[in-house]
Amino acid sequence: MALLQTVNLTKRFGDFRAVNSVNFTVNQGEFLSLVGSNGAGKTTLVNLISAQLWPDTGQVLFEGRDITQATVFQRIRAGIARSFQLVNLFDRLTVLDNVSLAIFSREGKARNLATLAEGDREVRTEAMDVLGLFGLDTKRRLLAGGLAQGERKLLDVAVAYALRPKILFLDEPTSGVGTRDKAQIMDTISAVVRAGTVTAVVIEHDMDIVFKYSDRIVVMHEGAFLADGLPAEIRVNKEVATVLLGAAVPG
Amino acid sequence: MIALTGTPRPALPQLRLMGIAVPIAVLLALVPSFANSYQTLLLAYGLIIAIAGLGFNLLLGYTGLLSFGHSAYFGTGAYAVAFMAQDLGVRSMEAYILCGLALSAIVSAVFGFICVRHTRIFFGILTLALSQVLWSLALKLFWITGGSDGLRVPRPTLLGGMLTYTGGGFPRFISYYYYYVLVLFVVCVLVMWMIVHSPFGKALQAIRDNETRAAFLGLRVRRFRWVAFLISGVYTGLAGVLWVPLNGLTTPDILYWPFSGEIVFLTLLGGFRNFTGPIVGGIVFTFLKTYAVATTEYWQILLGVVLVVLVLVLPTGIVGALAQLIGRLWPQRAD
Amino acid sequence: MLEIEDVNTFRGPAHVLNGVSLNVGAQEVVCLVGRNGAGKTTTMESINGLLPVRSGAIRFRGEDMTRLPAYKRARRGIGYAPEGASIFPDLTVSENLMMSRWLSEKAVRARGDGAEVNIEDRMFSVFPEVRPLLNRRGLNLSGGQKKMVAIARAMALSPYLLLLDEAFEGLAPAVVGRFRDAVITIKQMGISILIAESNLVNAAAVADRLYAMDRGEIIFHGSPQDALANEDVMRTLRG
Amino acid sequence: MEILAIQILNSLFYASVLFLIAAGLSLIFGVMNIVNLAHGSLYALGAYITAWLIGRAIAGGSGASAIWLFLLMPIGALAVALVGAVIEPTLLRPLYRRAEEYQLLVTFGLLLILEDVMRFVWGGLPLTADTVVDALPIVRILGQLYPAYNLVVIGIGGIAALGLWAFVYRTRFGVMLRATSQDRRMASALGLDVGRVYILAFAIGCFMAGLGGAIVVPSQAAVLGMGVDALVLAFVVVVVGGLGSLKGALVGALIVSFVRTAGIQFFPEVELAVLYLIAGIVLLVRPTGLFGTA
């Protein structure tokens, strides 16, 4: 069964159709890449699914339930998490606090004002585990605002991951990141997907990465789907090559 | 930007708190034994206004909301005491505190419900507007509030009369009342410290840093802001309750906007990005104001000029500047 | 015409440009190619003054402009059409165009090189399509129309140099040809052009010379043919 | 019926003054994204300066003619504009890149300073310029006596609204003003000296506030505290109308004035509370105000 599904989802900005009647399906446990040139509608699609934007028409179904009208809060609780294209952290909290807070929120402990945040051993242990997974455990006491760009990107993904979502949307997790961090981000994400704990949808420009890690690739162009298939199929698709790389690129 | 340098923070904040707080508390407890009663009185005022500052800074420093209307909660606390003393003949300080807290909780819950729907300047002016409503009511409903003459409040009984100061006159009352305030101040500091280091406090700081992301962690931003507003209002209300018996009189002035301005000012003076900022600010402010008012009639100009200078050249306040200085003199070991 | 030398630029704490040097000659079309996030827009904004440079030098027509504010650089003759076009949404197209003309009038007269003669002709000769749109508000233009207006608006400054950021991006294939022609037309008017472009094919089609950029550094400089033949450049650009 | 007509005129009078203040506040916010908490005090400053000038003129002898006194009003407003032109580059400019709290704090500091400066210069006593009102006739409207001066103020309000609209939408500078408010960076990349636009916009906003003070002072004395009252009311206006919108300032000023007049009529003790109630309801229903966008 499809974990997440959109039905004729449409979003207009003025007379510009950013997302044009899209039927998008994500299956349980897959690593899916969403590619396309700038302005193709990828981020808008993710915004519609995460309730950052509301669609003009169409539906969003999650685990078979219609969540088109659900609020951000309800969708997070249902298990939909996302990261942001531009790094979006709590800059004046420590790295550990950034991740812990996601766990507190998930556990419904964020309302608690009569205990010390650092006194919760369970949360602390789990947060350290997550940081360890992303290679950030040694940086736990630094303020998030003081991290280097690549580390910020990693932490951004770690925070979303710490929500233990069923589906995780990552908007350009590797943009502006060095090669080493890039591999670490993608290896980490694909490892947790392979472990069966999360389904991942990644918006990505780097086609090497897309081909290497994805189970399935969806190509968007001008608000609609241009292609949807296995990496091997997309690699040889002429139309996709034209749109993404410009027509006559050799190689 | 100073806060973003990424210096490692010590592992056990509890220990650090104790290390600093205990000596200071002991020092404060010894004050009446060597200071005269006027200075003790000033320090009591300072501690009281510091409680208001602590509450205010939960909003500004930790939640990122700048209120220009905290006079409303201070005034609510003060008038609650005055009404009880005048209309019900209550003399017990503990009863004042309980009712004052309840009333300021109600007012800040209602005002907060309206204000936290907005942020930034909208929030600021809404708080200002609402406090102005209370001020105009206090002025106009003179048959209840005494209008601009205000209401007199006699000295209350402390701890149900267990602390008797009759016969000792003003100095005795002051030294007892000072300890009374000091104990409550210490409780307030500890509770606030707990709050800002709790998961709830971290959530507030997250909301301050990045509202959108906080929402995408599943935090109900508005509700958190509302609770912060409520706590903040109650703290400021308690300060109002404690202030009245010292002053002996409450007038609409403490509901008027310049008084909110003084709370803003003292917090900035101490430093709103530090937990201790409003405490230092409250005490320094009280002494500064007392001596400035004695020398010049134009106290507000001084306040305004210092505020502008603070923002332009010393945005981290006294505590921030001291921390920077200490950091430069004794660089912290990276662990 | 334009020389930039060893420029370092930061965006907030991030060191984006790392010792970038390049130059654009008179009547030359130069392309800066690189992927998203390579530092192309930052280079453009360092040249026109929207971002302050930390170190390095920017010279334009023999004058050092490194510390000049953006508006003075524009009046010296640097026209800019940014990536998203940045058409003022609540202004009409004609107001969008006239604004830069009014602003440059005095400066152009002061230059005294006769560049002011037929600004209007030049503006509309590149994109005659803009003329019927004059009374429309910026808000109500399509993406392609916005890009046309942005270029016409930059032409209204009577520039010596045009900076076009992602000039061909988001355009339908048929329209891309239209923009390539426009670049040629502008070049024939004697105006130099620096284009930031992520699509090497488009870049190769119009450029006299080409710089490839990655992670804030220039990694290649040469003719379009050399770039297409260079395996490293191709790999970097494709990712 | 006659009472109603007078009440309507009173509302319009009040709306004119409020529009001037609120439009200035909104203009400054629209262009520079700053809410100037000292705006009300600038209005009060305009009132004090005008009242003082008129007082001096009368004290200087010469059976003052009304026309001559009218000429002093724009001077009061211009003086306030001048103050604005000094404040913007010195106090506000260093803060555009800093967190919003700091901008609010600086304008708040300015508010404290201006209030005390006025107390210092003019003392605690109210200052009036009612000779101007006396110099104009009392007219009869539906049998009721009404000061002609109030009609003049209504006229000035109308002219100010039209003039401001024409200025913003029909002049070259208006185009640049709007361009700056929509995209400051792009405007400077097109050759616009944004710093100059900021000074001018701020000075114009201050001029409007000063003019509001200047025209109100012949019928109401300049008193301490009028600035903060005006700030809060102007804020109610822009909250109702939408911050940054000229149309919003106009409609908001009308609504607030009529509600206030009715409030004074029916709930004299709590008229302010009624106003805040209206603002609160509008904010609950339409958080961006009637014509607001963001």
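First chain written, first letter: the chains are A, B, C and D, and each begins at residue 1.
By our rule, a contact is a pair of C-beta atoms (placed from the backbone, for glycine too) under 8 Å apart; a residue touches a chain by one contact, two chains touch by 3 or more.
Protein identities per chain, from UniProt: A, C = ABC transporter ATP-binding protein; B, D = Branched-chain amino acid ABC transporter permease.
Nothing here was measured: the structure is a model prediction, and the numbers come from that model.
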item: Chain of greatest Cα-centre distance to chain D; value: A
item: Centre distance in Å when chain A and chain B are each reduced to the mean of their C-alpha atoms; value: 43
item: Averaged-CA centre spacing for the pair chain D and chain A, given as whole angstrom; value: 49
item: Chain B and chain C: spacing of chain centres that average the CA atoms, whole Å; value: 55
item: Chain B, residues touching no fewer than two other chains; value: 4
item: Junction residues of chain C - those touching two or more other chains; value: none
item: Chain contact topology (line, ring, star, complete or other); value: ring
item: Chains grouped in pairs wherever the two touch, ordered by label; value: A-B, A-C, B-D, C-D
item: Chain C residues touching chain D - in the complex, by the definition given at the top; value: 48-50, 69-71, 74-75, 80, 82, 86, 88-91, 95-96, 98-100, 102-104, 107, 153-154, 157
item: Touch list for chain D against partner chain B, complex; value: 35, 37, 91, 94-95, 98, 100-102, 104-106, 108-117, 119-120, 228-229, 231-232, 235-236, 239, 243, 269-270, 272-273, 276, 279-280, 283-284, 287
item: Chain D-facing residues of chain B, complex; value: 60, 64, 66, 68, 114, 117-118, 120-122, 124-126, 128-130, 132-133, 136-137, 140-141, 257-258, 261, 264, 268, 272, 298-301, 303-308, 311-312, 315
item: Complex interface listing, chain C residues touching chain A; value: 14, 35-37, 139-140, 142-143, 166, 169-170, 199-202, 215, 228, 234-235, 238-239
item: Footprint of chain A on chain B - complex, ascending; value: 3-6, 8-9, 11, 13-14, 194-195, 197-203, 205-206, 208-210, 212-220, 224, 227
